[in-house]
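One chain, chain A, appears in both complexes that follow, with chain B as partner in the first and chain C in the second.
Moving on, here comes the complex of A and B:
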């Protein structure tokens, strides 16, 4: 029974990871570069929600939008500083740039927002539904719901709109996309903004889930997103969703069996094992 | 300018090296302050760590971003065994060998992987090691860390002050740079570089890629372990927070800023990075902001690193041309005003 409850927790947490991973997959797919700034973008998203709650009161929908917009704006800055010049250069250059940028944002947030932990308002606390003998909190359902709605929206956007088609074209082949008249520069920027925005929303959800925000919360979150994406297969959006959920479940079942200090060990262990057994990820194409 | 310096060095190799050695030995007699000396000792630690990472990243082109994990193994090996009354001098070697075995284990899964996958495995591995060290309280002291690590004896002196400890570290730095130099100019080093340039071509020329990649990881891990082991008696206290991913990124930035794939690069990088962060100590938290800006501007202006030549492949022409255009634009605007 305890394990079943942990499974529910795992699915809820995993759905947040899944959203982060989807954002990361969009960025990786469109830009084609790995970023270490993503965690800090998540952190920025959750901080924007924190200040939104202070200034405008507890409105979750608008807080999510605020998180999306803030993260997308930070995404533009990151794009200008770390990607735009280095799209054709050796990959590690932009990678180091994103490491520097992540360091910058983290310390910037520490200086501006303060290094202490800040509390987020609780939503629908104490309410839950009982399924048999498992309790599922409304908040968990809400988080899972938001993630599912956003992923569906993203899928529709990518499949059915003109911009989505451009994004898919750029992520498949930049040169060919340029040949058929797509403005690759703008499209990459937009794709990056969408990915970062999704990360920001995930950051808001993360802040609500843990009831707290912290300038250093980004590091581990970004790594989890990265792991989840690689787990599903680089740049594959559906794979990223599955990978994120899987990491959440494995983590929570793992700490149910051992101690809670080892939470992150399970995530990385799963990742290493998958990479050794099936290097292209669960849903990745061969030959990458 | 770097090329001119290189020419100058090539002509008067022995004299320059002797002068540098003499200067390095004379240094502690010229500096009284213990705090300044401990900064210098720290620079030397990072020379070893950055050089060992450079062996992996710069010479065989594998992308290791979890170097802090190797340092952790070295540090903890020495600290744990030193509390069981093993002689500290022997432990420097033991820590190196243990870490090199761990490096071998890490290299096994990574033989099949390249680029970002490899980076991710090293990163995950480094984080796993840190978390295990944090949670295995009976062996590693958990969050309390390990205290009271004994300092080694050196010529009948207990090397507890930075002035005395400097010589021990200097000895290992020279050993590290010397062995690296020898290995890189041997058959093994050439095999590494051929793998870096093109592993398919290397394979077709009969280079056993798996073997040399493993050796590469083991060699880099060995010196990382020795570097980590050297740190423990100097600080007399270690805990797992000293070996976080940020620490790994820190070492990586030193290699990149100095110039990877050159022997002198990590030395330059370690000196520059540590001195800058020390100089801006008065700025407290903003110090790391300055460090971050330094890393980013380095990538914008000189991606091949300070010691890398402008003829390097990385300093490619598209970047250079772009930069020229940027400055021309800047000056044009000024003229209009």
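Moving on, here comes the complex of A and C:
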């Protein structure tokens, strides 16, 4: 019973990781590159919600939208600075550029927002469902719900719309996509914005779940998102979702049997084990 | 062309950002003009202050900065140390031992700096102790309370009190006598201080037969306590004792409320921090903590200090800032006692021999190790404000 409750905690945290990883997978798909700015984009999403709550009051839906828009706008800047000019250049140039951008955003946030921790308002505090002896907080259900809805929306968007088809085409092969008349630059930009926006929403959820925001919160978040995506298979959106959830569950069950100090040990141990057994990730394609 | 200009502007913006982040240090680093005139001896006496002014312990660090400056201003206003003014060299350690050791090297290399007040955390103080000891320079920490810290060398001092006094007080009087706890759970921050503090709580609990049903820890930087709290709730304690500082205390209080768990919470470490109330809001209502110092209107000198501090700092006085004020005053007094022969090495002996010092936080006489045993009060949050609940005689 007790482990079931920890499983719920794990799924909840895992669903936030999953959303981050899905955003990362979209970016990796269309841009074709690993980005190191993602953690800071998550942080920016978190901060936009924090300021939204201060200025406009506690409306969660609009805060999530604010997080999406802010992160997408930062995504445009990242795209213009780090990717657009280097699409045909060696890959490491963009890569280094995203590292620089990540440092810039972190320091920028420290100067503008201040380095101290800020508290997020609590939503549905103290309300929970009791199933036998398991407690599930409304907050947790809400987070899981938001992530599921967004994942479904993204799937529908990618599968059933013209833009989604373009995005998938660019993910598969940029040159071939250009040959059939797709504007690769614009499509990449839009894909990058969507990925960053999802990261921003994940940032808002993270802030609410942890009750705090910090300029330095992006580092570990970005690393977890990246790990979750690699775990699921590079660029596979479904894989990223599964990978994120798995990491969350393993972390929380790990804490349940040992201590919270070992949280990251479990997360990364899982990553290493899966990569040793299945180097392409859980759902990755071989020989890519 | 336009794009090129844009790129250049963005690059410049990045550079400015990076330099702005470092600018505080650059200023501190500037050596004063090399036109020293030792014969006259009217040049200022420099005292280093190392404090976590930014990052996770910023409230305490800013308190250090304001309080030490207040102490320096007061001494300078009364004519300084034997006619020489005090000049503080304040550096930001961010609560990071790596930064703290860098600062220690810079302080010890600057020959004009006579002694150092700082740092905040026991970990930082213990990391820098060998560096200061080698330079025979006093490090008087306002807050380090690890029982091993002051004993590390004859140049290490602390005024906060020791964990082997506060830990047992928390178990016996705060948890058991005041809150009526019979089944205690302890959650501590896993660093030097947290380990020392919680072992002493356990010791105190064992002495009075208070049952400790859960003992959990976390590493610095942890934000999600749901799994740990679920684990602790399973053992069904009536009181949860948090051994950590204000950020984590408020996050945990919120997460406890979020999971709908009704448990009495007490804390060792944060003191009467205003940030707890700011960050925790309604969810920290009823939180009780031990503190070696709490100002009431009955003490006019301390009350005046509190009012002045609050107008300068912009937040409520906490014990850590009061200790910083006393620490600087003590160092200044020790240097004054040296007369014309101001040197680093002799400050330690002067501090150790000081018997009649009475500061804002009460009389301070160092033990053989160089720290202090203190008595404690209990404060609790009521209607969004810290209220003193018991006085020093509660433990008698």
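Note that in this section the second predicted complex is superposed on the first by the 288 of 288 C-alpha atoms of A that agree within 3 Å, B and C clash if a C-alpha of one lies under 4 Å from a C-alpha of the other, contacts with A are read in each partner's own complex, and residues count from 1 in each chain.
By definition in this document, a residue touches a chain if its C-beta (ideal position, glycine included) is under 8 Å from a C-beta of that chain, and two chains touch if they have at least 3 such contacts.
None of these values were measured; they are calculated from a predicted model.
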Chain B versus chain C as contact partner of A:275, first or second or both or neither: first
Which of chain B and chain C A:223 touches, first, second, both or neither: first
Which superposed partner A:127 touches (first chain B, second chain C, both, neither): second
Which superposed partner A:81 touches (first chain B, second chain C, both, neither): both
Partner chain in contact with A:32 - chain B first, chain C second, else both or neither: neither
Which superposed partner A:238 touches (first chain B, second chain C, both, neither): neither
Which superposed partner A:110 touches (first chain B, second chain C, both, neither): both
Contacts of A:259 with chain B and chain C, given as first, second, both or neither: both
Contacts of A:100 with chain B and chain C, given as first, second, both or neither: both
Chain B/chain C common contact set on chain A: 81, 85, 100, 103-104, 107-108, 110-111, 259, 261
In the complex with chain C, residue positions of chain A that touch it: 2, 5-6, 9-10, 12-13, 81, 85, 100, 103-104, 107-108, 110-111, 115-119, 122, 124-128, 135, 137, 139, 209-212, 217, 220, 251-252, 255-256, 259-261, 263
Residues of chain B that touch chain A when the two form their complex: 63, 109, 112-113, 115-117, 119-121, 123-125, 127-128, 131-132, 134-135, 245-246, 249, 252-253, 256, 285-286, 288-289, 291-296, 299-300, 303, 314, 316, 318-319, 322
Chain A partner contacts - residues on chain C that touch it in the complex: 7, 10, 13-14, 17-18, 20-21, 54-56, 58-59, 190, 216-219, 221-228, 230-231, 234, 247, 250-251, 254-255, 257-260, 275, 278-281, 283
Footprint of chain B on chain A - complex, ascending: 34, 36, 81-82, 85-86, 88-94, 96-97, 99-101, 103-104, 107-108, 110-111, 219, 223, 226-227, 230, 234, 259, 261-262, 264-265, 268-269, 271-272, 275-276, 279
